[in-house]
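Take a look at this one; I'll ask things after.
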């Protein structure tokens, strides 16, 4: 049972639209798989609205695989984010058809929904690629059609302008940039769709592990731009797919 | 000419779809009103996609009024943000029908478009009201139907749950919170639409002028949440109206 | 002689309730075991009120074992915190019955007092487990009955509500959370006992090594909440056992 | 209805111990006084467990007085924190017997409960007095007996030692200190009860508005010490009265 | 005697090209005007290479005027930076032909050198004008021809491109920008001359008093860009005039 | 009784060199003047080793005057630091011979000891004068001979070199500097006595209220240099007079 | 096609000085070598104005070598910055005449232009050497004559003075310093040419990874000084060579 | 020639007390040993006033040994600070009688001067030992008699009081402490000699790598206390030996 379902259930009860017995039955039937080291239901909730996603960082390969099995049994598909190379082989032994996205540090199992809408993922430099790919594959896993426009930093403005028509067709644009992160400000003046900025930790010296890019995006004069945490490609891909889904409703 | 139009024009030229003369004519005809102290076109671009908005902070009453006149002549309506009380009377002398939103520090002139979709503006405490109102009125000015759900901080959870069905109907939810900003995390687990978090500078001691709330939102475990700058109600209202418009397309 | 005893002794002398000779005799008899690299008495005082605890970090396995021997000789039991795996085997060679709490990075020797009262240790995610266990085992070592309620982050609110009655029975509640640390704020509105927040360094990007969680807890709108240092499970367990002991007096 | 009552009610329903109609009746009967600018119930929840407290900062004198009237009608007493001098006269016109604590920036109406237990409020210097008084009066308002031990900073150690027996009798000790905040560390080695540290913004230069004192307390080698936000005397008084109440149960 | 002259004098002596007596005579003849509250020579050195500039902040009107008189007697001209309105009238009473640059907070006396070379001063928004003017007038006072290109922030890219040819003619470009300061990054890709970035404190929320703009410029991917302190228009104008002078040598 | 006397007394008792009765008699006779709002003894201890100094900031004129009277009665002299202009007249009404040091924000009453040794107080610019004077007058009040060498910032190196012999005669050198605080590094290579650095809050932009100068001094490559808090002229004067006194012993 | 060329081309078209066909032909002929993992043209733009430079950090040896081949084919020479030792052998296998600058972490291929002008690279200590060499070799690669003046920190002032005449001959001076970075302030008072400061991360404790040096340089009282990012020797060398080229025009 | 000698020489020349030829002869005779990778004279100046000290960090074993040889040839003794274990064996091969202080990370060669005066080195915990030993051995190398008083943190106050008489005999006291660094504040109230605080990076969580201890010391209410950089035992030992030498003059 997702939190939304839980709260709707309580709400229905409050309006008298369901019975006490039904509420209790539903709560007890909630498919929580207790694995000792983790409550699978919890991890689905951590990624609420998207029960098929496991946050791999800080979990052993055995833990990730065991949780994934429970989820695949229930829903037929799963996405694992922030994995390390050590997770891959044990995972693929259990799920031989799992797809390993090395750059994006992702593992995916199961069929992908029919793509709809269009999310553009734009990044400034090659160093931003892992974060951009994490965003792109997450959005694809959640049902969005994705267009990648990479390596278009503002230092070479004519390259960005050349790709602009492709970007302008998207329903929502993810902009990934490190260093001083000027790309979202420029792009914000050129497209009329929602933009989601992802600051990356790319840089050195006073880049402050990505804080310089984060602050730059938060203070951008571009309108329509909102921001996620540093290097949080998953969060941007998730939010973008929600917005994209709105357009397709 | 908006930047988008400008770049599309150049693009069309590159594809041979328009002539040199047409490009030059369009550029020269761009409705830039030079007032000496300000180029009105600039201010429209500062708020790109929404040429009717003036950022009032740091401008004298006379400047604001003069810029507003140019915009109203061109498009029949205008919104002024971050005004001080000193701006109001000179403005209303020129625009007797202007509406002054005191809490939100906004002045608005002209007809409002027919509201469409639904944006929920949720805030945690009464001190967050000015920022929440800035977000709400901006979204209304840009064509969104807005529902206000105020004073529902997580310290009194049952009050938030009581208003949840109203929130869940919205296409996009703006969440305004100061102090530790726990509300977006809780709400993120209860709705399945895009959320935009607005940290406020409300608090004292180690709230760091709103940075504590900003960091809390950026590190939220809630998915589907993106964030704008501290106290930036206008930015949230603008981004939300864009997302809301997608749903209505 | 603990500091409290020392100051009480001086105080008694000042009131004429003890003699000069008695004061001198007591001071000279203070059981300080000088090991060269460390004064065991000091370490007891570092953990004042709880002479049986050794802070393992930065001490060699041989040092930890030698200090522990002195303490066990004097009081029959000892707790070692923040150990590394390299400490375990040398320690267990000397204390074959020592219990090794791997997740909590603790070693314990000797009988546990009869548990009294009730301390609830609540944590938001599995990554917070090591800190939560350090708090729980510390409180148990110091005589508290402990109830663990793990994996109940606010993103899945219904799970927290389901465990609420168990939490509400405790005399004092320890809340362990990383990332944006919204759990203490929500819990603070649902229980009427003292709460102790432990921010953890779990997270990435702008989590600032746990500072985001720390600031969130310090600025929480929840009343009755006090806070310890980042990842300081020991400190929370110690303070909670003191509060719990008050209730049992 | 307090949040605790609300959650207990839902819980009782889940166990079948109450009926749907009773739940609905209770919710509708919740004494929320809607004043337009504020929902009085919200403010009670903001201070959960203590519905009689109003946070005065950011509210007009008229608002504070109106909210206070609703609370006094319901419960016979109220405490207002963080008031400015401008709040006092309008408040006293409505509540002629209201007591104004100038140093602590508090207004109190109604009878005080019979004092129980003992909370010691210790501060390092005269500049810390407003925060110490806020803590002391809050704890008294909530039913604790309070002993003030002021001006005992560590630079004059013999003065602290002279007052130690008075401090050691308390069930819980609040320690208020600014600058480098060494007092809690020294006191932590001399008492065996829970300590709550309140860093103050007193100081200049690199005191960072109280952050230096806050960091000092969080990193204190003293055990049994927990901390609240900078200058948060109310929070310390509230938490201390809860701990004190435990001892008296 | 300027520091450069002093060091050259010592150097000449070390090479035997001048005598001890000459060195002593020159040192004693150094035109230091001791005014009690200030050593005028010091202030010239504070602005080394440009003895005619007084830093007005923190000096009384009488002090500024007295120092200016000494300098004008010696060299016929003077520039005063960072003045407040209170400095103006006393100054103009003594120097009736003094020119007051209100926006730039400058006072200037005496003839301007024949302009040479070309310095472009570009700024992003109207709020950056005072800093941009301080840079422009300083460069003019030091002998540079200056071209102002204001209000060309990247949110309206076509306006910047329209002014590009004017900017590209300059020997050195000063770029003034607040908020996220994306303009230098874009401009750095479009001109091939040295650029000097001046971050301004314009903005709000997480702009950190100009630090966000400063960090953005320091981490810019644009080459050829160097940076001065926040709001330091004088420093940029001074450095630019030195570079401009190189081109004219 | 000063803390040092108190601890020596206890120590003497522990060695059997004094009697219980003597200890008690001495403690009771400790000249603590309780004024209600302040314990004068406390303030002497706050400035331990120097009982005649009152920290004026945050005290009303009446409080400062009352405390000063008690001290002057006991020891014939007093120094008050960090006063505001409002303190002066009430103070001088009571102490007509009090000397008011306006720049240094000090009030002094009573005879000055015969000066001994030599403390040099060196500062970089005129804006550093108030802090430099606070240091100089404090050292004089505490018995040191003081030589002022002002306005010798490193931008005009020959001026510093010209005054070097005067500085090299001192027993200890106080160096006061704001902005980037390069002076202590240069001076540290030119004198062989202890140096005490006082960073000042002079500057703007990224000077961070004096933190830039503080960090510069702490990281100086000069040996023999130690540092006090930002703008803490009193602390530097106090420490320097202690070091100077050592040389004179 | 460089960005400057691109923008000039568009500009020429806008003025009617070139035809549509010519614009299209030029754009299509832009020598972008798509290698899959990188667009070589992008990397040239990242270093705009200097297409021969590859930023090696974060690229595999194979990637660096492949990109270098494309650039050498086009322009006969290339510079690679921020390489690791692992890059060297694969690179030299392909380019046997490549020169490896180990200290500066650079690889260079092809003929060096005839040196012109003079850039002085001054550094404070031996630990600053890698950054100083990166600056020096970059400037040489871009056509400047370079003079190295190393190990002249202000702690040993006479050594700096001894080398001063050599420094004063340069057209532009790069000053590299870590720790408190006092050298630029001293040098700024002794030379009359543009200075570029490069803060280094050399130091420990409160050096904050170079931020202390960076802040020191930004707040320097020296005029004519501008600053680049921490450890950014390449940026300083690039900017200096541009300024040096101006002098040679 | 030390910098002091150099400046005195220049000064003598300026007063006509020495001849040009003598100055030149003296400068040319300055014993600068150029080793290619380092100018030995520089390193002596880096540690001005103490030419026998080499900062080992960042130098290879071969470099350290070579520099040491030059210094030992000239002055018969040398101290090397901040060495790594890899430096030891090559060093001892060349200097078989070198003494290796492992905890303090120091190597020393040559006779120690006859100890004079008394420096107390006090530290709070065993983890502070390496820094305390670096301070102690440095002071001994520079001629001071040193008394170590370790493990006397304020959590066990009676232990500190027991050692107080030993501390009070010193001419100058070095206080080494990490975490919240309360020890200097307590000690400052108990001794009347100069104190030098050394904050250490010991701790975790919000200790900020020693910044918490540094800020605590800078804001200490104790008078007579000055501070050096985090973990800078050498700097404290150097400054203390200078002060101690004053007392012995």
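All chains are identified by letter, namely A, B, C, D, E, F, G and H, in their written order; residue positions are counted from 1 within each chain.
To be clear about the criterion, contacts are C-beta pairs under 8 Å (C-beta built on N, C-alpha and C of every residue); 3 or more make two chains touch, one makes a residue touch a chain.
Keep in mind that what you see is a predicted model, and the values were worked out from it rather than measured.
Asker: Would you identify the chain whose Cα-based centre sits farthest away from the centre of chain F?
Answerer: A
Asker: Between G-H and A-E, flag the pair that has more C-beta pairs in contact.
Answerer: Result: the pair with more contacts is A-E.
Asker: Half is the threshold here, strictly exceeded: which of C-H, D-F or A-E has more than half of its contact pairs identical to F-G by residue number?
Answerer: More than half of the contact pairs of F-G reappear in A-E.
Asker: In whole angstrom, how far does the Cα centroid of chain A sit from the Cα centroid of chain D?
Answerer: Going by mean C-alpha positions, chain A sits 42 Å from chain D.
Asker: Indicate the whole-number Å distance between the mean C-alpha point of chain B and the mean C-alpha point of chain F.
Answerer: 53
Asker: How far is the middle of chain D from the middle of chain H, if each middle is the mean of its Cα atoms, in Å?
Answerer: That pair's centroid distance is 48 Å.
Asker: Of all residues in chain B, which are in touch with two or more distinct other chains?
Answerer: 3, 7, 10, 27, 45-46, 48, 125, 153, 155-157, 188-190, 205-206, 211, 214, 218-219, 221-222, 229-230, in rising order.
Asker: Where on chain A does chain C make contact in their complex?
Answerer: 1, 3, 6-7, 27, 37-39, 41-46, 48, 57-59, 201, 210-211, 214, 229-232
Asker: Within their complex, state which residues of chain A touch chain B.
Answerer: Residues of chain A touching chain B: 3-4, 7-8, 10-11, 45-50, 161, 164-165, 168, 171-172, 188-194, 196, 214, 218-219, 221-230, 235-236, 238-239, 242-243, 246-247, 249.
Asker: Given the complex with chain C, which residues does chain H contribute to the contact?
Answerer: 125-127, 151-153, 155-159, 162, 202, 204-206
Asker: Give the list of chain F residues in touch with chain G in this complex.
Answerer: Residues 124-125, 153-157, 179-182, 185-186, 188-190, 203, 205-208, 211-213, 215-222 of chain F touch chain G in their complex.
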